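You will see chain A twice below: alongside chain B first, and alongside chain C after that.
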Partner chain A sequence: MSSETQKILTTDGIPLEISLKKAEKKNKIKAFLLVAPLLLFIIITYIFPIGEMFTRSIDDRMITNMLPKTFKAMETWDGKELPPEEVFASFLADFKVLAEKKEHGKLGQRLNKEKNGFNTILKKLWRKMNKFEDGNTKEQIMEIHKRFRDVKYWQAIKRTAPPYTMAKYLKGMDMYYDEDGNVTQVEKDRRIHRILWLRTLEIAVVVTILCFLMGYPIAHLLAVLPMKYSNLLMICVLLPFWTSLLVRTASWMILLQQQGIVNDFFVMIGLVADDNRPEMMYNKTGTYIAMTQILLPFMVLPLYSVMKTISPSLMRAGKSLGGTPFVAFWKVYFPLTIPGIGAGCLLVFILAIGYYITPALVGGASGTLISNQIAYHMKETLDWSFASAMGLMLLTGVLAVYWVYNKLVGIDNIKLG
Partner chain B sequence: MSVNKEFVKFDKVDKSYDGKVLVVKDLQLNIAEGEFVTMLGPSGSGKTTCLMMLAGFETPTNGEIYLDGNAISSIPPHKRGIGMVFQNYALFPHMTVYENLAFPLRVRKIPKDEADKKIDKALSMVSLQGFASRMPGQLSGGQQQRVAVARSLVFDPQLVLMDEPLGALDKNLRESMQYEIKHIHESIGVTVVYVTHDQSEALTMSNRIAVFNDGKVQQLSSPDELYEKPVNSFVAEFIGENNTFSGEVSDISGGKCKVKLSNAEILANPIRVKGKGEKTIVSLRPERALINPNDKMDNIHKGKIEEVIYHGDHTRVRINLLGNSEFILKVPNSSSNLDIKLGNEIKIGWNSEDARALDPK
Partner chain C sequence: MALPKYTETRYRIWHYLYLSICGFVFFFLIAPLFVIFPLSFNAEEFLVFSEGMKRLDPDAFSLRWYHDMVYGTKNPWGLAAKNSFIIAIFATIGAVILGTVAALGLSSRHMPYKGLIMATLISPMIVPLIISGVAIFFFIAKIGLAATHLGIVIAHIILGTPFVVITVTATLSGFDHSVTRAAASLGSNPVNTFMKITLPLILPGVISGALFAFVTSFDEVVVVLFLAGLDNTTIPIQMWTGLREQLSPTILAVATCLIILSTLILVTAELLRRRSERLRGINR
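Right after this comes the complex of A and B.
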């Protein structure tokens, strides 16, 4: 009885909740249809490719598909001593199937990456296997080469059994699985990726700081100038936006090269000797200069939008209460611009950390970033799974920055415009 | 202890922003210590500019401003020690009420326990004890206003400037805040310069009012004098309600003048007219004219009632009198005034002393 009376009914006797849902349904469908194109677009162009990248980066099913019988036989093998006859027989059977499809070479190359010397002995096996007699496969295979008698080679095959591997991620951090399956560092002089990660981080941080130092006064001036001057200045800030990124980078190349305009000017005013012109390009300096200029608007715009909302009477209040102009700025104005600083720095840092064209053109050997390495593996070595792995590592890094920012400043405090 | 009559002194101050138009012209203004002076005027009359020059955010183009005998034009705002309440309160939104009040004390390096005492005192003055840890955004408009007042007073300035501080509040709150600010002024004796465009606010709060128009002080006097004895037609029209007759002086004698209107002649008090033939506007407050006048009044005329508007305690009656169809009368609602009906002809009278013959504009 009590539950009956508690249920609120509309005038027509329909339960209120149901009536409300009915009334709101049309609006909900409308709202969903309005966002549907964007949702679909994001799923197709963003979420799906990232998922694809992720699977590609950990995918290791090639050998699994090539040696199905072998892995089935290996399930019972403990991996300590040489495998039993059954494994040898299955391996030979799988290998014969591959040889018919002319794919045995691929297997050799792939296994060679796990353990050096596989390619040679598999080629030898391919030449001799037709003379094999039925039965006692283990003995016959072991006869071909002494490496087949080495348990380590069989362990290497077993290691490739899981369809997924983190090897590409380890490679991105200059590490690999050694023959015993332990994570090991590569030799010191071959650790190129770690240098690249650190350099990417360093360049992104320095560019962010440079952008902040230059963007803050500009944004402040934009916010306080009368409309007719601030519009002109705004155009100056936005003008680079309207020029192609490639054109801007190319013009930096003209400006910064050793016989370029900037160097000519330095020589003219006597800052440097003619025969001792500094190299401002094809190194970090070039990357810093060009990237700072290109990313500056991303710092200025959020700062400007925040500063525009700060009433000038606040600074006046600070001064009239006895604060020197600096105190009024530091205690009153600056804290109020933090949401803009956060937004600008986050934006510039995230863009900088994945920057590609500019460092590729003006960076030279010491000014290239991890994204250039990713592009190299996409286009030159065609190691897409490694490129995917590094791309995802970059994405994780960006998300980590975002997380830290959220913890420090709070993402709700961000103001992009 | 003698009161400094020239605590604040504007001496021949001119101000121009663009080098073409003078916003403030030849301003001469003395404010005594402990006085509550209001600068009243329409927008664009230069009153806020004067306040900003006093606070130090604008520099006089010509002339000098003195505070307690010292020229202050070259002293930056933060060294003037003048408290200020801004139009939109200008509370620091990222600081609590306590931190807002502590700001002027902290920059003056006042020890914390002493500062805490001052803050407590200032908050109790505006009855906001217990609000110290709130953020300004959590306060209502009236509360923010009080915090702004408390902040401008917490460092014991000798002079406090208020720039239309009640403009954003609703009517009831505005009125109660007027009394509150007036009482604070009376209890601590600080000098206040107050800017507003609301005449009733000015009349309620001030010791003296400076009426600004067109960059000049039109009249500087006490509220009653301003209302009863305006010196020119702008002040007469700007402060309170006003009935006017424009005409020409036909005779001046014995402290009275005759003013010839288009179809009649009235007696008036010559304030700004000196001789025959001068054009003039005669100003008369609505409450100074009576219906059914006694015979002692020296102006008695007949008019026709054109409109009657009921206002509760009184009735406004619009009358066509001597060619002025906008003549307003305020009649108290009592049973003796039952003949006030649309279209009736009634007798109206006033003393010539109350009809001030001013400049013709």
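Right after this comes the complex of A and C.
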């Protein structure tokens, strides 16, 4: 081999290196063009709307657009003492515009949320609106009601100036901005959202653990049995997997009702008295049972696909080196299944945390989870910004779980089916 | 799984305990599905086994709930089934075309930013459904397609494509790219090569992806609840409403039909998976 580098040329006379680079680039573009339609589709229909959820959740432009002049005038006001004449005059001007559009009521409601008592004084202002004389608006407004002389009310208006607010996120954690603009917790007996978050987490964790405890043995059995038996048993896992979620929920509703088969069985074996049948539905027990059965295939399938690759001779080697079957299992087999455990638990946990159909049907009053609350605000109260805020809080939690999982197990170790 | 003769008693006990645990779990998984069958033939209106049924008295069984499902007054099921099938079929077609083409690009070794793009494409699968539902609703409502079939189809394409992308890329991972080069060297254009060489080879992956997409759409209730109007009611919505209001035996008749459908899908999916494994030479 000669040490001097001689440029290799293609038949066109272009150096091979450049020609290859060109071909590479062409291939890259080709591959990208194939992916582009779906990528664009997902970005436009899915990723952007998730971003829109964010802007919606912090959006507070309504009031900003209602009082444009006032906020402009307030920019120079330090917010410590009563604002100058200019602010009063602009406020009156803005208010007159709103009154013409018949939107002053909305302003009153919105400001009343910020500081109690706004609605009344704005109504009073509206009645006297046409009696204003030119000049010295400050004095005239302050004449209308003593609250207009209270600086706190003007501070409340100033607080609503920014076009965005974190109020919805605070509401999702049972907190709010009080009249002085501090973050405050709501009263103890009204902290519903925190209960829901905790309940959602609790149900997701318990269901994940139950699925793991039940899924691990059968995944192992499926992996070690000869094909002809395991294929048959695999149907027990796959048939529920392919069956409609609502069908499975319906069957649990039949099984778990008070006159249902499970209770019949308990009475028959004498576990409970016939007139004292336990409630197994419309409480947490029902939710746990039904959700575990519904999500179990998602635990078994990744576990199975990992266990299938573990050679049985490893366990034999462990035993032949003096380990008891338990030690061999714990030191050899179990560590090898960790990617499967990770994938299964992650899958079940993520599915469980966003679940609401089954809990809503079999969970009764305790079956309301954070997802139900999101759906409720989307469909009933139409408070879409609050629904968005809670959705994004949930999404943040889920992403955090992914992140932790990636640190612990590595996201590439996920194996599906 | 026979134990060797020399097994100590405590391991023997442990082994049988393990087998019975497994037996219980398998029973737990499959038994609930079989409760629905007999009860859907109940002649009475209650959702418990009547005395007659326990005696296997033929009079205690009837097809009245199936009759009710098909011919019942103000019957919502016919419309729901029609809608469900139309939506699921179009959503599947959309998801398969978009997903397969994208998978072809993704499995090319020249693809830049593969990880990031893959994560984006499968994100609808890994984000909790309720969040996807809210986001998709905002989009569909904005383009004015709420309460239309097309809107729901688009939503279900979004939810279905990740499955197609995953199954087809998995099939393509065992794909020998030299056959497409051979076809090209013999003068075939890329489209022709895809239709005649690549597609037949990856077809099992494409079909099982299509089955996933179909089932996802057919069984989807969270997003449809946001999007559907009165004219777009689907089977899952009807079941959801029915289960919330009153558990009627008609629902069980519908559920039985759905179980039969899922059995068919399961069998197809399994056959395809085995065929695909055989082709890829995975089967030992």
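Here, the second predicted complex is superposed on the first by the 392 of 417 C-alpha atoms of A that agree within 3 Å, B and C clash if a C-alpha of one lies under 4 Å from a C-alpha of the other, contacts with A are read in each partner's own complex, and residues count from 1 in each chain.
Here, contacts are C-beta pairs under 8 Å (C-beta built on N, C-alpha and C of every residue); 3 or more make two chains touch, one makes a residue touch a chain.
Since the model is a prediction, treat every value here as computed from it, not as a measurement.
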Which holds for A:335: it touches chain B only (first), chain C only (second), both, or neither? first
First (chain B), second (chain C), both or neither touched by A:98: neither
After superposition on the shared chain, which partner residues are touched by A:325: those of chain B (first), chain C (second), both, or neither? both
Once the shared chain is lined up, is A:253 touching chain B (first), chain C (second), both, or neither of them? second
After lining up the shared chain so the two structures overlap, which partner does A:141 touch, if you call chain B first and chain C second: first, second, both or neither? neither
Between chain B and chain C, more extensive residue contact with chain A: C
Tell me which partner A:156 touches in the superposition: chain B (first), chain C (second), both or neither. neither
By the touch definition at the top of the document, which applies to A:311: first (chain B), second (chain C), both, or neither? first
Please indicate which partner A:50 is in contact with in the superposed arrangement: first for chain B, second for chain C, both, or neither. second
Looking at chain A, which of its residues have contacts with both chain B and chain C? 325
Which residues, counting only chain A, touch chain C once they are in their complex? 24, 27-28, 30-39, 41-50, 52-53, 56, 214-215, 217-218, 221, 224-225, 233, 235-255, 257, 259-261, 293, 296-297, 325, 350-351, 353-354, 356-357, 360-361, 371, 374-375, 378-379, 384, 387-388, 391-392, 394-395, 398, 402, 416
Touching residues on chain B, where the partner in the complex is chain A: 55-57, 76-84, 86-88, 90-94, 103-104, 107-108, 151-152, 155, 161
Touching chain B in the complex, chain A uses residues 311, 313-314, 316-325, 327-328, 331-332, 335-336
Quick one: in the complex, what on chain C touches chain A? 1, 11, 18-19, 21-22, 25-26, 28-30, 32-33, 35-36, 39, 47-49, 98-99, 101-102, 104-106, 108, 110-112, 117, 120-121, 123-124, 126-139, 154, 157-158, 161, 165-166, 215, 218-219, 221-222, 225-226, 235-236, 239-240, 243-244, 247, 251-252, 255, 258-259, 262-263, 265-266, 269-270
